[in-house]
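Here come two complexes built around chain A, the first alongside chain B, the second alongside chain C.
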Partner chain A sequence: MSTLVCSNISKKYGDKEVLKNVDLTLEKGKIYGLIGRNGAGKTTLLSIMSAQNPATSGEVTWDGERVWENRNALNHICFSRELVPSASNNGVGTMTVKEYLQAASYYYPNWNRELAGELVEKFELNVKQKITKLSKGMLSMVTIIVALASKADFTFLDEPVAGLDVVMREYFYRKLLEEYMDTGRTFVVSTHIIEEAANVFEEVIFVKNKGILLKENTEHLVERCVKVSGLSEAVDEATKGMEIHQVEVMGRSKGVTVLLKEGEQIAPNEKLQLQPVNLQNVFVALCGLEE
Partner chain B sequence: MNETLTQEKSIYLQISEMIENDILRGILLEEERVPSTNELSKLYAINPATAAKGINILVDAGILYKKRGIGMFVSEGAKEMILKRRRSEFYDQYIKKLLQEAASLGLGKQEIIEMISEAEEQ
Partner chain C sequence: MDRKSQSLLKQSVMSNLKYWGKRAERIFAIFAGAVIFYTFLMSLSYSSDGADSAKEVARQFKIYAVTLGIVLPLVGINSFGVTGVGIAMSFGARRSETLWGIQLMVWLSAIQIFLFVAVGNYLTGDSFTWMKMYLPILMMSVGAGEFVGCANIRFGWKGVLGSVLFYCVVVVGGGILFICSGGLSILLNGQTGKLFLPLLIAAVLLCIAGGWCWKKVLASYEVKV
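Here is the complex of A and B:
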């Protein structure tokens, strides 16, 4: 089975370290959600994995082959970068949508014109328009088209739904699932709108403190996380020795989010309230602001 | 099969429950094909691995069975199996919870029994 592996990746921009000793293995045939706060290093990680940006140290390999300057490996990897509404996209800005998609079709050997055309139509994009003239949502549409039509085995989408309205976001996730079911390609999708994408991700990768905080099956992660609240003493007693996050105290009451380890459980009683949490809650609990 | 998914509970459990509900209500009949993993994934916009997990729970329980190359089917006697299991879960899911809530409200056993009789009369 095909895999894309990061081994001990570190990245510095000048003196600023963005990634430190990152190990990550992506398997073929999964949809991963890449989740982290602004500036956590998600884009840097994706650009290094697709050899668009050199790592300061460490190595990325596809099926054992080094990815850097390796055309054969890169034919299987697509990183559809987030476009910014300015002329600064390395000359991309002065291109029309049509020219931009054409350039992508030369770069990706398995480019699917029909799919690109279908998406252009669905998104109602004017292909004669210059990239600089597109709205935020339209720029996202262009990056989505490049990602899906590239037909690359490993495809990364960085904030693909930024600026899209809810109808188009839903359309995108359905289209992504359809493409995934038809082909078994691997997708890594970074997003800040977590909850509506949670059911699409088979696994989630949390990026925090220059590294990978966790990589886990989405349902498994959500199931082992529970919000416990009630009388302070009762909460303390029930969660003793457990990994707790997001402690909130008000008067005699206390609420904590517990990340249960294998075999741990909290017995319900009338002094405690146990509530399930969603993926967004888990993320905020684990990666939110420290007190 | 057209219920709405909630965020309060694991999606795969909701998928298996919805199929069970459809069997109980006669929407899905015994020996009939159930929606495939891909169909469920499309309908609910969920990862097919999650849909498969929901279906596999029912296969393991003997409620569904696989016909090679065709798909998943409702087993004979599936409805009876679901009823039997749900009755035994009724104790944990409803009775225990009821008593827990009653205890925090300071309601005694006699009062609860009276309430049940009253509700039944209405």
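Here is the complex of A and C:
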């Protein structure tokens, strides 16, 4: 089974450290959700994994081969970036959609022209339009087309649904699942719209404090996270020694989100309320503001 | 080289040819279009008919081809080269591949410009020596363009401004040095052959330095598209 491995990756911009000693292994045939707050280093991590940006230290390997400057490895990786046509010097703004997709087809050896055409039609994109004239949603459509049509084994999408309406978002997730089922490709989707994508992610990767906070099966993570509320004393007693997050105190009542470890459980009683939480709640509990 | 390496090399060459080749074509199209447009515009003012008029048009054609031929590599590398780097790399092009791609674009457009100027030279009936002298000058423009492009990537518009100013100083300084060192008298005496080799060596060195500069800049380039 092919894997993409990050070993001890660190990245600094001047004095600012964005990633520190990151170890991460991506297996083929999974859809990963890459979740983190703004500026957590998600895009930087994906850029380094696809050799678009150099790491300050550490290395990325694909099936044991170093990815950096390796055409063979890069043929299996696609990082379809969020397009920012207004940024200076990037060149995207001067191109039409057709030219941009054509340029992509030159570099991806398994580029699927039919799929690209089908998606252009579905998204109702005018290929003659300049990229700089596209709306945010349309820019997302272009990045989705590149990602899916590249047919790369490891495909990264950075905020693919930003600006898309709900119909197109649903279409995207359906198409992503179709592609995943048909080809067994690996997708890493970085998004802030967590709950909508939660069912699609087989595993989630939380990025926090310059590193990977956790990488876990989505269902398993949600199952082992529970919100406990009730009288403060009862909550404290029930959750003693457990991993507690997001404490909310209101008078004599208290609510905490608990991340249960293997074998741990909270016995329900009349003084406590146990509520399941969704992926978004888990993320907020683990990566939210510390007060 | 095994079969897999050969196929990967072929893939690199083909993607570069398609992507950067297309950009070279655009540089040339802009150049040729501008030369023809200006020549046509100027030819409208000629009232006389016949051979004199045709000769004058040919002369104008050559003047514009020569002038724009020197300016275009400088501008072209900056606009088509710099803006092409991020896109190519975001599609998985390696840095070394991109370096060769830029060189392909630069030299493909320079060759086309040279041939176009050669047509102008043929039309005016000037000697081949003239074209021989134009070669190192065109190459110098390419080399300078490579520096401007690198400065743009590294320092943004300040880099472009600084390097263009530096380029102007070098051109003016070089001109003064050329006159003071007796180069002008050699030129006026029609002994251009003596200048060709030093100019060519200087041009080759400048281009090598420009290429090296690109290599350095691309090694640490961060894709932002």
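Brief remarks follow.
As a working rule, the second predicted complex is superposed on the first by the 288 of 291 C-alpha atoms of A that agree within 3 Å, B and C clash if a C-alpha of one lies under 4 Å from a C-alpha of the other, contacts with A are read in each partner's own complex, and residues count from 1 in each chain.
By definition in this document, a residue touches a chain if its C-beta (ideal position, glycine included) is under 8 Å from a C-beta of that chain, and two chains touch if they have at least 3 such contacts.
Quantities reported herein were computed from a predicted structural model and do not represent experimental measurements.
In the superposed model, A:Asn278 lies in contact with chain B only, and not with chain C. Applying the stated contact rule after C-alpha superposition, one finds that A:Arg71 touches chain C and leaves chain B untouched. Of the two partner chains placed around the shared chain by superposition, chain B is the only one that A:Glu202 touches, whereas chain C remains out of contact. Contact with chain C, but none with chain B, is seen for A:Tyr100 once the two complexes are overlaid on the shared chain.
Measured by the number of chain A residues touched, the leading partner among chain B and chain C is C.
Of the two partner chains placed by superposition, only chain C is touched by A:Tyr108; chain B is not. Using the contact criterion defined above for the overlaid structures, shared-chain residue A:Gly91 touches chain C, although it does not reach chain B. Contact with chain C, but none with chain B, is seen for A:Asn53 once the two complexes are overlaid on the shared chain. By the touch criterion defined above, A:Leu83 lies against chain C but remains apart from chain B after alignment on the C-alpha atoms of chain A.
Across the interface of their complex, chain C is touched by residues 47, 50-54, 69-72, 74-75, 77-79, 81, 83-84, 87-92, 94-95, 100, 103-104, 106-109, 146, 152 of chain A. Contact residues on chain C toward chain A in their complex (touch as defined above): 4, 8, 11-12, 14-15, 18-19, 82-97, 152-153, 156-157, 219-220, 222-225.
Residue ranges on chain B touching chain A, taken from their complex, read 5, 7-12, 38, 41-42, 44-50, 53, 100, 103-104. Interface residues of chain A facing chain B in the complex, by the touch rule stated above, are 30-31, 170, 173-174, 177-178, 180-181, 195, 198-202, 218-219, 222-223, 268-270, 276, 278.
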